[in-house]
Amino acid sequence: MPDLGTYATEVLSAYAVSFVLLVAIVGLSWRRARRVKRELEQRDG
Amino acid sequence: MSLWEYANPRKFMAWTAPVLPWAFGLAAVSLTVGLVWGFFFTPDDFRQGSTVKIIYLHVPAALMAINAWFMMLVASVIWLVRRHHVSALAARAAAPVGITMTLMALFTGAVWGSPMWGTWWAWDPRLTSFLILFLFYLGYVALWEAIEDPDTAADLTSVLCIVGSIFAVLSRYAVNFWNQGLHQGASLSLDAEENVADVFWFPLLVCIAGFVALFVALVLLRTRTEIRLRRIRALDARSARA
Amino acid sequence: MLAVRDLACARSGVPVLERVTFKVGPGEVLILRGPNGVGKTTLLRTLAGLQPALSGEIDLPDGESAYASHADGVKAALTVTENLMFWAKVYQRPFAPDVLHAFDLTDLAERAAGTLSAGQKRRLGLARLGVIGRKVLFLDEPTVSLDAFSVRMFADWLRDTHLTAGGCAVIATHIDLGLDVPELDLTPFKAAWDATGGSDEAFL
Amino acid sequence: MIALLRRDLQLAVRAGGGFGLGLAFFLIVIVLVPFGVGPEQTVLARIAPGILWVAALLSALLSLDRIFALDAEDGSLALLATAPIPLEGVAVVKAAAHWLTSGLPLVLAAPVLGAMLSLPPPAYATLVLSLLVGTPALSMIGTFGAALTVGLRRGGLLLSLLVLPLYVPTLIFGAEAVRRAADGLPATAPLILTAAISAGTFALMPFAAAAGLRVNLR
Amino acid sequence: MIALLRRDLQLAVRAGGGFGLGLAFFLIVIVLVPFGVGPEQTVLARIAPGILWVAALLSALLSLDRIFALDAEDGSLALLATAPIPLEGVAVVKAAAHWLTSGLPLVLAAPVLGAMLSLPPPAYATLVLSLLVGTPALSMIGTFGAALTVGLRRGGLLLSLLVLPLYVPTLIFGAEAVRRAADGLPATAPLILTAAISAGTFALMPFAAAAGLRVNLR
Amino acid sequence: MLAVRDLACARSGVPVLERVTFKVGPGEVLILRGPNGVGKTTLLRTLAGLQPALSGEIDLPDGESAYASHADGVKAALTVTENLMFWAKVYQRPFAPDVLHAFDLTDLAERAAGTLSAGQKRRLGLARLGVIGRKVLFLDEPTVSLDAFSVRMFADWLRDTHLTAGGCAVIATHIDLGLDVPELDLTPFKAAWDATGGSDEAFL
């Protein structure tokens, strides 16, 4: 872990929130993709 | 076979299926490399201290936020001119990704601003234009959500996207006129003198590549979902009539 | 005057009717029949140019048609005369007060349209057709809410004024107008469940 | 088209003072701000140009959904679309009627309200002028938004969301002009820019609005 | 009555994000004010409490006409009036649904928007609290106004005109609370007064609103 | 069940009908006839309690009546089932899915009501009556936009379900429902020009 000095909270929170946002968009897209795919497979029989 | 045939939903599903894992893989690798490199193996800036590390998130996110809108604009025009369903759906699929990027740029910028400018938010032109861009995204998504019929929605959101783009550019100039601002100028120009030091520059490039790959991967994935939803809708409509 | 050939039309992207073919000459009326939801409104809107046809041809003199929908576009705040005057001006026609007589609106001429009963409002909506002077009329259930007397009055106007002047009309209705004219039942033209042309087609 | 303009104005008057109400809303916003912000003259004078312009904008916004919604509901819009006037013309006329009933009264009343917010007197002329050249853009942009959302039955909110970002440039230039005048600086440049936006929107937006209407009527 | 509340929320969500839109409007007003007023932080901080409250008020206002208008148009209101629930109950439910879709989201988002207007951080808690106890009054008063104007087809403007003066006390106490907190003074008294107004309106206004509905349905 | 004696009613303060007297017992239907504007809607609204009578008496068991107007209170954003469920809950009745069948809505059960055709929407409006389980129905032109088959279906429901369960109904309509029931022409009850009771009376 590098020494972030006085700005540790800022840098870490920037990274943390960005990760949350990235994971959220990827996760939501992925989950929805899977759900829709399954639904379609059921429909197609 | 013309290029446009790739915009046929079936074809699109077919050729994106193998591409998708590669896109995600590329995104994961370059993001990991870029961010780890940037976070752990670059020095602090002599003026900005460790906050310079935020650049690896902030700049790519800001770039992608603008480029996503631009992509939506192109897709909207294609839909209006050639009426390829995939392009309309791709525009729809890109919008939430663009919103995420915008939010990320806004947040990382705000966090960066608090030590640098002593405030979380300042009505700087660049920041302000981003906020306006965010509003355009919200309006665009809200309009999509509000309309039942997919083709009507595609038409209307496309018109909105084109008109909105013109006004976004106009706002940018207006905002500059209104307030001169604190934000740095472009530092990614090819003119070497204006660039940030190389130590920051290379990992930043890798991160930008990672964000681009991630954007492409997400748009492909989401477009596929939209296509499937339309297919379900179509099958439902058909079986209701059978 | 109006010739429709092999027309297919859709409602919000779903094919509803196909292979609709008919001709209506000057002085003729065609009545559209069919159960609820068969697509009468859709067909009339397509003919009137409000929505594009999926395929097929509509032959129709330019600038000669008019459409009257379920809703009759009456402004509650304007009087009966003002409502009609407005449409006369939009279509750049003189406003002849005898339409008021033809639709039994003389007594109501100065009443605000918002204070009319359902049937009176409908008569006002129909009087618009007498004002704008178009030859080809597309009418969607024009006699809703009208009493028997008013229905006859409307049929009389249609026969004696509109048709004798060389006009024609396509009318969707569920009731008997008392006119001796050809009817077209739309049931056989219902789009097959796998009809092509819908907006979802590319996804199937 | 003139018939349509006449009818729209007539309806605005008949419906119980279309002229008065936009104005009243403007007035009320101006009155509420001191209640919220506190009564100090210096603060009020400082923010007066901005608040006046924001109030004008909100007051325009509030009546936007009526531009097409009433006509769509009672079926007039479909009848107008099949009538022998181009939809682009309908859009221009609607914007003009909206401006006459909601923009013009503001322009005339602005000096009085400026006084209530302690706007420095030298800025009055610029205030009136900036509203005069700026509010038409608000009406035309709003007509476009109304055309996109007609028939959606979402009330004014979706419409506002779509329209407000589009209002930003007009607002910035308009308010900037008044602010400069209040500070004793020349205000020609922002005034010209405001007028340019109005001219541009009236030249181009009717086509976008008509396209939206056509799609929505489909 | 719970069925009615459920339906109204369902309609708000179905209609494409009823929750989001009131919020978006709030956001947009907050964003527009600096464009009008100029970007200086000191000025913005000074007017932030007032502007935040005025924006909340306008955002509540904008969706008021939908409270009864849609139900009146499609005939549901007449059917509800002849159904076995008291009209007073209908009014309360409508106000509650309006608050849940337009007031509550504001309360939650207020701190972020406070930051954008450079509101001093100690005032955040008071801002949220004052909106929490004050916005229900806005919804209930608005429901009364909507009941008086239902079926008048004047759009939102007449309604705004009627309702805004009634909003003044809530606005004064609410904004005063935030202003005091921003200046580091105790804010309990104005907060309690704001809450008292909310409680009072919910106790009495439903009767007035139901009376208005009855007359309008006649 | 319902007894009306010497009723006078007004529309926006102007007397419209007077001396209206009739009785409807359990299992009976009364059809109101009369030309447009005679006052059928006004009378039904008065009976339903939406507006006060000028004079006269209305005898009617409490909490047993329901009204259906020209507009049918259908929410476009909700599905057919959700619309009906809502009314069932408001009237605190169980929702029995067989009304869907009685009004031929089974295929449309999950469709958003906004996408129905005019007649389909009307059927949904009528199905509400089957859900709320009220005994005394006041119906204003219930069969507008319905095709002949649906009209018969509605008449069957009325006769076989509603009336046999001891209900009754007052129906204003211009068409023939195919029911063999008494009719009341309102023309003779039109208020005289000098009828008393209007809101302007104090000034005369």
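Think of it as A, B, C, D, E and F in the order they're written, each chain with its own count starting at 1.
Quick note on the criterion: a residue touches a chain if its C-beta (ideal position, glycine included) is under 8 Å from a C-beta of that chain, and two chains touch if they have at least 3 such contacts.
What you are looking at is a predicted structure, and each value in this text was computed from that prediction instead of being measured.
For the pair chain A and chain C, chains touching both partners: B. Among the chain pairings, D-E comes first (most C-beta pairs in contact).
Look at the CA centroids: the one farthest from the centroid of chain E belongs to C. For the pair chain C and chain F, the distance between C-alpha centroids works out to 28 Å.
Centre to centre, using the average C-alpha position, chain A and chain F are separated by 56 Å. Centroid to centroid, with C-alpha atoms defining each point, chain A and chain D lie 42 Å apart. Of all residues in chain F, those touching 2 or more other chains are 70, 76, 115, listed in ascending order.
For chain E, the set of residues touching two or more other chains reads 15-16, 21, 24, 28, 34-35, 38, 73, 153. Chain-to-chain contact here is organised irregularly, matching neither a line nor a ring nor a star, and falling short of all pairs touching.
Contact between chains, per the stated criterion, is found for A-B, B-C, B-D, B-E, B-F, C-D, C-F, D-E, E-F. Of all residues in chain C, only 12-14, 191, 193-194, 198-204 touch chain B in the complex they form. Residues 39-40, 44, 49-51, 53-54, 57-58, 61, 96-97, 100, 103-104, 107-108, 111-112, 114-115, 214, 218, 221-222, 224-225, 228-229, 231-232, 235-236 of chain B are the ones touching chain A in the complex.
Of all residues in chain F, those touching chain C in their complex are 11-12, 34-37, 41, 70, 115-120, 122-123, 141, 144-150, 174-175.
Residues of chain B that touch chain C in their complex: 8-9, 85, 148-152, 227, 230-231, 233-235, 237-239, 241-242.
In the complex of the two chains, the chain F residues touching chain E come out as 48-52, 63, 65-78, 82, 86-87, 89-92, 128, 132.
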